[in-house]
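First the structure, in the form of structure tokens, and then the observations on it.
Note that the chains take the letters A, B and C in the order they are written out, and that residue 1 is the start of every chain.
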Amino acid sequence: MEFTLGQVASILEGKVEGDENQKVSRLDKIQEGKPGGISFLANEKYTPFIYETEATAVIVSNDFSATKEFKTNLIRVEDAYNGFTKLLEAYAMMMKSSIVGVEEPSFIDPSSQIGDQAFRAAFSYIGKNCKIGESVKIHSHVHIGDRVQLGDHVIIHAGAKICADTIIGDNCEIHPGAVIGSDGFGFAPQGDGTYKAIPQIGNVILEDNVSVGANSTIDCATMGSTLIKKGVKIDNLVQIAHNVIIGENTVIASQTGISGSTVIGKNCIIAGQVGIIGHLNIADNTTIGAKTGIIKGIKKPGFTHFGYIGMDMKNFLKSYSIFKNLEGMEDRIKELEKKQ
Amino acid sequence: MEFTLGQVASILEGKVEGDENQKVSRLDKIQEGKPGGISFLANEKYTPFIYETEATAVIVSNDFSATKEFKTNLIRVEDAYNGFTKLLEAYAMMMKSSIVGVEEPSFIDPSSQIGDQAFRAAFSYIGKNCKIGESVKIHSHVHIGDRVQLGDHVIIHAGAKICADTIIGDNCEIHPGAVIGSDGFGFAPQGDGTYKAIPQIGNVILEDNVSVGANSTIDCATMGSTLIKKGVKIDNLVQIAHNVIIGENTVIASQTGISGSTVIGKNCIIAGQVGIIGHLNIADNTTIGAKTGIIKGIKKPGFTHFGYIGMDMKNFLKSYSIFKNLEGMEDRIKELEKKQ
Amino acid sequence: MEFTLGQVASILEGKVEGDENQKVSRLDKIQEGKPGGISFLANEKYTPFIYETEATAVIVSNDFSATKEFKTNLIRVEDAYNGFTKLLEAYAMMMKSSIVGVEEPSFIDPSSQIGDQAFRAAFSYIGKNCKIGESVKIHSHVHIGDRVQLGDHVIIHAGAKICADTIIGDNCEIHPGAVIGSDGFGFAPQGDGTYKAIPQIGNVILEDNVSVGANSTIDCATMGSTLIKKGVKIDNLVQIAHNVIIGENTVIASQTGISGSTVIGKNCIIAGQVGIIGHLNIADNTTIGAKTGIIKGIKKPGFTHFGYIGMDMKNFLKSYSIFKNLEGMEDRIKELEKKQ
């Protein structure tokens, strides 16, 4: 889709400096701008590129003043970054488009209901007694088990598996290959060394505005619900075990694992490859650095934890800086021992 | 499905205290019990809830004696936890139900055989020359490659991929998105810095009663077989590389990775996010703590290993407790140096 | 497929010692050789097995001289390992076979083009405006989004998801369940503690000869491209975040995660469970040991890094060996303090 710079300026409530009839059809990075593209300049570090870019236009903030000649057209707005983001959203919305309809072959059990404005791709599968809201997009190879409930404006990307009895709120987005509601890992040891599966009869609940990354897994509860509260954002390849509860607006980066029955507070930031053992409580507003292992509950909200066994981050870094030269420390002890 | 408390008591060989005609249709946690639900009390910590629960009935052990009033009905059995587990199994069995039949469209090459009482969901795929046992449940979007053999009572959940030549024993359960028999990661370095794939012509064998978690991956052997022995339980997002052998009844938690050709003993417990390098032997009955790295074989059976580079767990924790205050230790050395 | 030993010798340009009319149909390990199989002996450690193996034939190097009797036939070649590899490749080629054609039901939007000699399995999905080269094999449950481009001789294994706008070069192999082009994990914090998704409008480019392992995930760029250069080999369950660039012929083992916008050099070797934070530059020819965390860029090419926070590997191992006995070190300090 093509827009004139005049049209773009009007969307952004900005002003064109240059030829407002030129057209753009693509968003480019300023350092990679090519004719037909529009870029933005919001970080001083990138200012030199404005004098070189081949992009047709660059969005700049009102206070930008050039120190050299440049070839591109400008669109001046109050805040260049916000302006660009607004444009990005409009563009993304058009790209995701509002696909509606049914591709065949697809499968839906007649006992299931689905709202208006839905998209069901070829090879999508919807089991029995499901209740699915409006404007839901179900892409190819999605499996939706029996008795699943989906809110409005949910997007389930290709190949995601939503197991039986899962409940998903409005505006959730499940990325490709994610598995929601698989059996929890619960086995009872038997006298002879073997294990017997403990039936996992609970479910998973995702409240509104939750995002789950590609190939992540969220197990159902043994009983009751594994609960992911409003606004939680989960990256790729994350593991959430049975009966975990995650508080509102907590963010979890890639390859982190949270063991069974742990309760995470709200507004936490958990970096990548973190491991948290089971049955812990983690306070609100906790930050956990990448690769940290958490083996004890965290009671005080608002702290940053880090380390192989997580501790106060500054403390860990101090100790680690000495660890790096433990040999030197040992030498000093030897020296002292000699001099006695 | 609804049962009267009298019926439940008769299944559990217990005795109702209260109204044996009341009905339950759901299993609840005692602290979340609602009318129509049945709970259990097996852990003293939860005793206070019996006086508050709204569950219709609670299963208790014979030795329970109330110290306050309560509203719920009791079912007394010898052991409340075992009783509840029995009920749970009966319930899970009914829920998984005994789906049988074929949903369309599904795909099976005419050269493949499948036993009685099978379920094949819509969009399930079975390649050439497969031999599939009785009462096998193959859910939607399952891929079964050529020459695969499945025993009796195998469940392959939605979207799992069973690659060519894999052999799976009786009563195995493969959870959604798991990949069994993908190519091992073997590349021969060439003179010019590039790599050439080494053909991976072996397969994967899962013996009886093996469980593989959601989105886990088990690679086929370069030659011969990657072998997962009887009763092994594997959690979600676990990686098992080519030519690994895992002994009977070993349990492996989420996000653990085991590198090529390593042989793990039987009855081991391997926690989450563990990494074990290739070509090692790990003794029977070994326990490995979460996030541990194992870079040397383990010869003595029955020990617990832990740490960034795994060692005796007590030793690691002692050293780590000193590590936490290395700064203090350095201060003591400085003090000694001053006083010389 | 069966070959006489005479035929095998002629493929390998070697010489049969024994009965050249005997037939083999299988490749066996020498220690597990059975009649009908052919093995090789390239490592002295395995020499004892040649006197015991039941394999019909063993490939040996010209300089092999037996010290005992044996039952098997020999095929002498210049280099036994190379000879066997040659055979392995021929065998693998036959097994993967050159499947061609379309199984039904499959889905391809009429606006998409696909070259000759293609295979499209049942339940494979190809969206709009795709350009797909020659001899491409698309297995069951593969999703190919809109505007995807695939080069020649690409293999997409069962259940892999190639999201919209991805570009894949010649001879790439994408293993089962891998996800290429999922949305990057980018969210803008809002004033009220919630997050808003930042549209991810870039794509992923895989150059020629790239391999991506089972259930690995590669996110699309926020803008521009996540770029995996020629010859890169990626193992299972690896996470590559948005806007990452990986240099030619770099190898990445299982469960490693690379955060957003990091640039990895060429010819690097990155072991399993490594984590690299975002916005770093890693020099060419860098080796990173298993489980290492990288939190700073690496400027000097050709070094080996290791440790919870990566450092020079020898340094880490020295410090760790002292860490193991920190208690002993503390005792020495106590001793010194007493004697003052």
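Heads up, the rule we're going with is that a contact is a pair of C-beta atoms (placed from the backbone, for glycine too) under 8 Å apart; a residue touches a chain by one contact, two chains touch by 3 or more.
To keep track of the chains, here are their UniProt names: A, B, C = UDP-3-O-acylglucosamine N-acyltransferase.
Since we're looking at a predicted model, the values are computed, not measured.
In terms of which chains touch, the assembly is arranged so that all chains touch all other chains.
Where chain A touches chain B, the two copies mostly use different residue numbers: shared numbers make up under half of all numbers in play. Work out the mean CA point of chain A and of chain B, and you get 26 Å between them.
For chain C, the set of residues touching two or more other chains reads 105, 123, 141, 159, 177, 215, 237, 255, 273, 308, 323, 329, 333, 336.
Contacts from chain C toward chain A in the complex involve residues 105, 107, 123, 125, 141, 143, 145, 159, 161, 163-164, 177, 179, 182-183, 185, 187-188, 193-195, 197-201, 215-217, 219, 223-224, 237, 239, 241, 255, 257, 259, 273, 275, 277, 293, 295, 308-309, 311, 315, 318-319, 322-323, 329, 332-333, 336, 339.
By the touch criterion stated above, chain B contacts chain A in their complex at residues 27-29, 32, 85, 88-89, 91-93, 95, 103, 105, 121-123, 139-141, 157-159, 173, 175-177, 209, 211, 213-215, 231, 233, 235-237, 248-249, 251, 253-255, 266-267, 272-273, 290-291, 307-308, 320, 323-327, 329-330, 333, 336-337, 340.
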